[in-house]
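Sharing a structure below in structure tokens format, with a few things to ask.
All chains are identified by letter, namely A, B, C and D, in their written order; residue positions are counted from 1 within each chain.
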Amino acid sequence: MRTQQPVKSDLAWATPDRIVVRGLDLPTEIIGRLNLGDMAFLEITGRIPTREESVMFNALAVTLVEHGIVPSTLAARITYLGAPEAMQAAVAAGLCGLGSVFVGSTEGAAAMLREAIPDRARPGDAEALAQDIVARFRAAKKIIPGVGHPLHKDGDPRTPRLFQLAAENGFDGPYVALMQAVARRAEAASGRRLPINATGAIGAIACEMDLPQPVVRGIGVMARAIGLVAHLLEESRQPLAREVWERVEDEASAHLRPAE
Amino acid sequence: MRTQQPVKSDLAWATPDRIVVRGLDLPTEIIGRLNLGDMAFLEITGRIPTREESVMFNALAVTLVEHGIVPSTLAARITYLGAPEAMQAAVAAGLCGLGSVFVGSTEGAAAMLREAIPDRARPGDAEALAQDIVARFRAAKKIIPGVGHPLHKDGDPRTPRLFQLAAENGFDGPYVALMQAVARRAEAASGRRLPINATGAIGAIACEMDLPQPVVRGIGVMARAIGLVAHLLEESRQPLAREVWERVEDEASAHLRPAE
Amino acid sequence: MRTQQPVKSDLAWATPDRIVVRGLDLPTEIIGRLNLGDMAFLEITGRIPTREESVMFNALAVTLVEHGIVPSTLAARITYLGAPEAMQAAVAAGLCGLGSVFVGSTEGAAAMLREAIPDRARPGDAEALAQDIVARFRAAKKIIPGVGHPLHKDGDPRTPRLFQLAAENGFDGPYVALMQAVARRAEAASGRRLPINATGAIGAIACEMDLPQPVVRGIGVMARAIGLVAHLLEESRQPLAREVWERVEDEASAHLRPAE
Amino acid sequence: MRTQQPVKSDLAWATPDRIVVRGLDLPTEIIGRLNLGDMAFLEITGRIPTREESVMFNALAVTLVEHGIVPSTLAARITYLGAPEAMQAAVAAGLCGLGSVFVGSTEGAAAMLREAIPDRARPGDAEALAQDIVARFRAAKKIIPGVGHPLHKDGDPRTPRLFQLAAENGFDGPYVALMQAVARRAEAASGRRLPINATGAIGAIACEMDLPQPVVRGIGVMARAIGLVAHLLEESRQPLAREVWERVEDEASAHLRPAE
């Protein structure tokens, strides 16, 4: 006979006349007082952010909302074409691809940095750590997370702005320093430009803010959900999915179809 | 031969050294300047919100982030149990259920109000419109969207706060008045308490703010994506999904299993 | 205090040494005895199909497995690009779009036919029913489900084969007759070629087989899941998603980017 | 300037009067001739299965269709509660959790066996390979895929049946032998009963059948999609999701709510 375990969640409770989220009365202490990024911070950490944390966390999330037509927004728009009555499912389809290749690299950068500096009180020597990281990734023939960008080859324009905000708000500590050292070493070792991209900057700052590791990918997921809603709104007014599909269908099977 | 149509999106563009979203330079004009709710407003409407719009829109979104264990958070946690390496897919699973029954009722309320008042400059008589709406829904034996709540039977505590913020920020116009008249008439007609719930309040205020109709459900989708990330973080630390599954499995097939 | 309701599922049960599905011992009575379509029929109806039902049901499902690059397969492939480690999520993304526009039209055709002939023992006059259906859809300016196809303008090649199998296996009853009458009347009323497409044929035959209404869309969903796995396998060997994305991204924002 | 790459898919093509899948005419060579499992085999491998392959492949897929209330079926049913109009999205939600923990272990077993025997013509010594595998997994403190089951502790009843069918159809080669040796060694090393479970048997037989590695998880995904449709049909008639949700909600936050 199986022994039952308790089922417990600490995030919220409600009675007929109250709703309390993370210990705060939702109507009087949260609604109208916290912006959406602060609410996300409260949900994740259990406390209201300081002014500096508010600026920084909102900046991290805002950075990942929109980057035009990317795989997630394209998949969502094509899904919406078939099921416009279920826009939530089109957003879901878009999120399904935020895995190891794109948004997930934020998580990879944070994991790499935290593994090198498990205790921020003892950051060690950034250059030595970076040298070791780069050597290990190169030996394993793995891509170093957080550096390089197929389009922004000479520097991701989001990175300096994020690091500026980190400096202004007290989040330019050892993880940011290590991320920068890693990029320098990676460039030196490869002989190619490998500037820190937005996911590298966000991963490093997430470590500085001590955000829980499973949440790092989550910032990208929540941010992109916002962007996906905007893309579906645009798709409902100015559709592109059907044209994309028809072009791909035409071309993809042209080599199989008999000549007309 | 099919004629190709153009493929066009106006939301963002990028070159090697720039990223521009909705006409604004992402690094210098958006990151560190807009909070996450303002960013969502920019994405949806194409412009930065006024101070009043910022307060109100953030409040709408914040309201829908967290309501404890609800179907979407439970589905996401159970999904995470099987694929912890793909948390984006667990968020997606949670969003898939935000259809006509729960978050979708926001959309229903907004649609009902907009149909009754297509032109806000000519709002008509709220009482007469409400009487007509209630009569039509009752005749069709359909549930009136935006009123009543299984738990908050005597009043959803989020509603007065949202209407207070609407009044403070200039969004207490004809749609809010009509929603209130609908609730009164529905109570009178049914003889039951049917106070305006959060989705009714949000639907009405979304009309006041002139938010595009397809976006109304979208506010709930983006808000809940944030809540889902928090639930998955809690699930990773304090799991409940396996226990829920095992209990349900035990009980659901007990009537079929041979007595031991 | 809420009264607990029972939680019950009749589909399967397991003990340490047995697994029983729909009343049959899985290892000895199902595995190796039923093909995958028969298993689906057993799951849905609770009994093993007759020989005729087996041929017909397998044919319905097989018809919907593969139609090349369609929105669902394209969305899945684009999703896989970002999260190859979670192929189940890419299949899920592909399924999310099987809504009212594409596969869902099977369901619409079946619903239309069942509404006209609620009791197959009293089928009524097909021509009169068809005339009424066509008139109502045209008055409401709605598309008649199950007729017409953007590519197969002069006839969907799947339809005659499905109707042939229906005739051979005893499923060419009043619903098939009504579907054919609807197509004829629709052509006459519109002056355009509107042959029955595969979803119309499948919807009609599903009615003949007395398959439960919620399952009609489900046949398409299960069939397409198979096709999606094949597309993801091909995508892993001969990718097209990245090229599609990059082309769309280039073109979609070209009008916004400054001239080089 | 980016050079365009070709976009190509070999799975199917269509013209106004033809649909060809994997080189076969869909209406005349596939529909009514192949059962659903054979169609899946054709899609994956590009050829019609032999009689032995047909029996074996259908058996593998049939095995994974239904196991009662499991995480995927529970998540789908809870999702359906909120969006009954989008059953495809509820199936999608259920699939999202078929990751590394449950169905994904099929893939893990196959990968483990293929790594040990890359060339089936030179299978090596099963006992030595098994000893090495078990030692490596134990040293890494990793769970060996394909052995042990929380319920079927003394033996998964599906396994002997699958191996019997493998023997009857010529698929009891070196991968099956190695899987059996791994289970024996794992039991000896751990001192616990660790019989081969269904995912281990399926993983081994998939190697015998030379099914492509990315497809191994896919068999479970396509099979479960069928089971999920059946669960949603049952949910529409005999719901359990609301009761499960309400119980969990009540209990999960009971420790937070003020005493009444």
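In this section, a contact is a pair of C-beta atoms (placed from the backbone, for glycine too) under 8 Å apart; a residue touches a chain by one contact, two chains touch by 3 or more.
All figures in this text were calculated on a predicted structure; none of them were measured in a lab.
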(request) Check every other chain and keep only those touching both chain A and chain B; list them. (result) C, D
(request) For copies chain A and chain D, work out whether under half or over half of the interface numbers are shared, and give different or same accordingly. (result) same
(message) On a C-alpha centroid basis, what's the spacing between chain A and chain D, in Å?
(response) 30
(request) With chain centres taken as the means of their Cα atoms, state the distance from chain A to chain C in Å. (result) 36
(message) Where in chain B do residues touch two or more of the other chains?
(response) 6-10, 12-15, 68-69, 83, 85-86, 88-89, 92-93, 96-99, 103-104, 240, 244, 248, 252-253
(message) Touching residues of chain C toward chain B in the complex: what are they?
(response) 6-10, 12-15, 20, 83, 85-86, 88-89, 92-93, 96, 248, 251-253, 255-258
(request) Sort out for me which residues of chain A touch chain C in the complex. (result) 68-72, 74-75, 78-86, 89-90, 92-94, 96-104, 240-241, 244-245, 248-249, 252-253
(message) Taking the touch rule as given, give the residues of chain C at its contact with chain D in the complex, in rising order.
(response) 2, 4-19, 21-22, 26-28, 30-32, 34-40, 43-44, 54-55, 58-59, 61-63, 65-69, 86-89, 91-93, 95-99, 103-104, 151-155, 157-158, 160-162, 164-165, 212, 214-215, 217-219, 221-223, 225-227, 229-234, 236, 238, 240, 243-244, 246-247, 250
